[in-house]
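In the two complexes below, subunit A is the common chain; its partner is subunit B in one and subunit C in the other.
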Partner chain A sequence: MKVLTLNFLTCAVKTCKASNDSFPLHPKDAELAKDGVEINPQLLVNVLPRIDWTALRTTSTELGFPALPEQPPTAEDLTSDEKMLQELHTLLLETQMLEGKLVCGHCGHEYAVREGIANFLLPSHLV
Partner chain B sequence: MLPTPDTSHVPYSRVYEPAEDSFLLLDTLSSASETSFLTSHFSPTTANPRPAAPLVLEVGPGSGIVLAFLTAHALTLFGSRTLLTLGIDANRFACAATASTAHKASTEHAATAALFLDAVQGDLATALRGAAADVLVFNPPYVPTEELPALLPPAAAGESGDGVASGWDEDSRLLALSYAGGRDGMETTDRLVAALPAVLSARGVAYILLCAQNKPEEVKERVRGFGAGWKAETVGSSGKQAGWERLQIVRVWRAGVTGI
Partner chain C sequence: MTSLPSSSAAPAVAKLAAAAAAPGHDAQAEVEAEAYERTHVHGVYEAIAPHFSATRHKPWPAVASFLQAQHPGSVGLDVGCGNGKYLRENPAVFMLGSDRSAALVALARSRLGRSEEPDAAVAATTTTNAAAGSGVEFSHESGAAISDVLVADGLSLPFRDRAVDFAICVAVVHHLSTRARRQEAIRQLLRCVKTGEAPSGQVLVYVWALEQGNSRRGWDEGGEQDLLVPWVLKSTSQTQQSRTLRRGLDNPTTAKQDAVVANKSGEPPAPTMPAGDGPAAGTGGVGHTDPVVFQRYYHLYRKGELEEDVLAAGGVVITSGYERDNWWTVAANEAPPSQSEK
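Now for the complex of A and B:
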């Protein structure tokens, strides 16, 4: 599962939706791998405005990557800075979480990730 | 006709095999009228020259044939390759199948393909961040049945849900998840329709397949009742029987919202 995907997913428990602590989910015991994905600068520039940057900074740090700047780069920053573009591409699209858990900061539920597939089905007592 | 994605690797003993409903979705989404609607809906405007990349979500992709089609032919269907696609399916085997189908199809059509993110296991869009879906496609379990299959295998129901179950019973549970719709074939679709205002972005468009027993006119009325601007129209159909369309695709969107 890609780091960018994590930016779109939250705890599936209904009562967690209203809480700021349910997003982003926190990776635990994460086993990472790197996939080669062809870089598409235009895509990254257009993806940028729909990323929750604060959540991405948290995820990135929790996965052991160097801290991201406090503010997201602008489209102009990205198109003129090849190194930043490449780093963001590697973080968002090439880094895969293969195994581990995703933990909700509100209810504490742990979602398992196995073979790159996260499981958000809830046990019956949480539905 | 755009090429149909290869699904020859999909284990059909436990994942829904593409059928008339899947092909109706392909035909409808690649029809001249829908292509032109989607292209203009998500294209840059003078007020918004750089719209954010749309997120295309398919709920219950099964073999992945529809999501792979949308991914591989994004440039033709949406007028742009800068889209993200995501699948959420309750069946873990369907998640793996969808990822393979999408990767194969986008490698084959690299020049027109959007970016496939992942297929994750989940119940409808309950794990998606609010208002994140710009395009939502749903080929639901629409067959009227006495009961709904359990979302989790019996052994795992009390735990985290990743218990490994196998055997013939488990395979039939997984297949039933893809077609068994409970009362009026609508028990699962009702939940998704009720969640649409929270799941779709302001510019979001949903395509939902319904059969005649699902009472599609009532579903459309319910969507229009969400509030001002909500639209629901039939944009594709197949299998005319005694004047009734057996299957139809309903497009749901909010009028007057394009771009961001």
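Now for the complex of A and C:
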């Protein structure tokens, strides 16, 4: 599971969705790996508006990466700064969470990540 | 008869609908509908995943053109992504696929790591299933599609509100056993796409049609809409994926896997479910090479019904159509400004 994916995920429990604490989910016991993915500057620039930057900063820190700037880069920043582009690419698209858990900050439910696949099926009492 | 008939699911569905209508029994009714789908949808896909995947690699044209039309850098969902055949249709977008079947998601993930060669990928997943499930397919450097997959239920999607640019949901909603659940599935899709900014996020829903006058399945207007459709799997062992699968019981040359003959008066084969991970023995057995028969539940959509469900889910219909035995519609949370005056 990519870090970019994590930026779109919240708790599957319906009653959690209204709570700010359910996003982003918090990685726990995360085992990370880095994939080689060809960089696609246009995709990165265009995907930027869909990213919740505050949540990405939280995730990045929780995974043990250096702190991201408070404000997201602009499209101009990204296209003119190759280093920043590469770093963002590595974080969002190349970094994989292979094993571990994703924890909801609201209900505390833990979703397992195994072999790179997060499982959001809920036990019947939480559906 | 050249293939197994489909059978009526109407009594079961009527029971589920009655349970849902009973005052104060909402939660229990949901539990029952879910149990029914676990037996007649989820369990089936878990068991037939490699075989199913091997038969699913041609994209529907309406789906392919919808995906191709998406702006580069868009983020899209594929809810019920199955083996992930749509995840790399447009390499310029980031696709997030989800499916209720962990077995299919594992197959989808293994395919994502492979370079552009859909058919070869399918062949590989069907012959080396052990590798497909082992999760060691991470290190393909080139040609990796920018997409990701996860296991989730379409009625409890783990995506934040208005998160993505578009969503597709192909051949999924018709597996839900009550109308309320089908509408809720569409509501969930609409919840996830962006709204309040132009252009409004679009959701493509694609379902099996009742009107299939040109197919040999024998279903058509006025017919029964809730059916159990058999999936025939020849092998009874775990090595099924490496074998050539016999298509149909008596006439291996004619029957397509999904091609079933409606037989409204005939005795339906009793539903047979896998026990544990492996497929269980089928019914109507006449020998040790019997196919295993899995009964998948379908609600066949009649003309106009999908649009009604979109409206009931709070959406608007942008466009819709019919394509080879299927109804499809593109929905959004709000009408595009240009179409406000018809």
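Quick note on the criterion: the second predicted complex is superposed on the first by the 127 of 127 C-alpha atoms of A that agree within 3 Å, B and C clash if a C-alpha of one lies under 4 Å from a C-alpha of the other, contacts with A are read in each partner's own complex, and residues count from 1 in each chain.
Keep this in mind: contacts are C-beta pairs under 8 Å (C-beta built on N, C-alpha and C of every residue); 3 or more make two chains touch, one makes a residue touch a chain.
The shown structure was predicted, so the numbers you read here are calculated from the model rather than taken from an experiment.
Superposition note: with subunit A as the common reference, subunit B and subunit C are in steric clash. In the superposition on chain A, A:85 makes contact with neither subunit B nor subunit C. By the touch criterion defined above, A:68 lies against neither subunit B nor subunit C after alignment on the C-alpha atoms of chain A. Of the two partner chains, both subunit B and subunit C are touched by A:114. In the superposed pair of complexes, A:123 makes contact with subunit B only, with no contact to subunit C. Of the two partner chains, neither subunit B nor subunit C is touched by A:30. Within the superposed three-chain model, A:42 lies in touch with subunit B and with subunit C [touch as defined at top].
In the superposition on chain A, contact of A:98 is made with subunit C only, not with subunit B. With both structures placed on the common chain, the touch criterion links A:4 to subunit B and to subunit C.
Clashing C-alpha atoms with subunit B after superposition occur in a single stretch of subunit C, namely 294-302 (options considered: 24-32, 258-266 or 294-302). Counting contacts by the rule stated earlier, residues 1-2, 4-5, 8-12, 14, 17, 23, 38, 40, 42-43, 45-47, 50, 52, 93, 111, 114-122, 124 of subunit A appear in both its interface with subunit B and its interface with subunit C.
On subunit A, the positions that touch subunit B within their shared complex are 1-2, 4-5, 7-12, 14, 17, 23, 38, 40, 42-43, 45-50, 52, 75, 93, 110-112, 114-125. Those residues of subunit B lying in contact with subunit A across their complex are 50-53, 55, 81-82, 84, 86, 88, 90, 92, 95-96, 99, 110, 115, 117-123, 126-130, 132, 151-152, 156-162.
By the touch rule above, subunit C contacts subunit A in their complex via residues 30-31, 34, 71-75, 92-94, 96, 98, 100, 102, 105-106, 109, 134-135, 138-139, 141-144, 146, 148-153, 155-161, 163-165. By the touch criterion given at the top, residues 1-2, 4-5, 8-14, 17, 23, 33, 35-38, 40, 42-47, 50, 52, 93, 96, 98, 111, 114-122, 124, 127 of subunit A touch subunit C in their complex.
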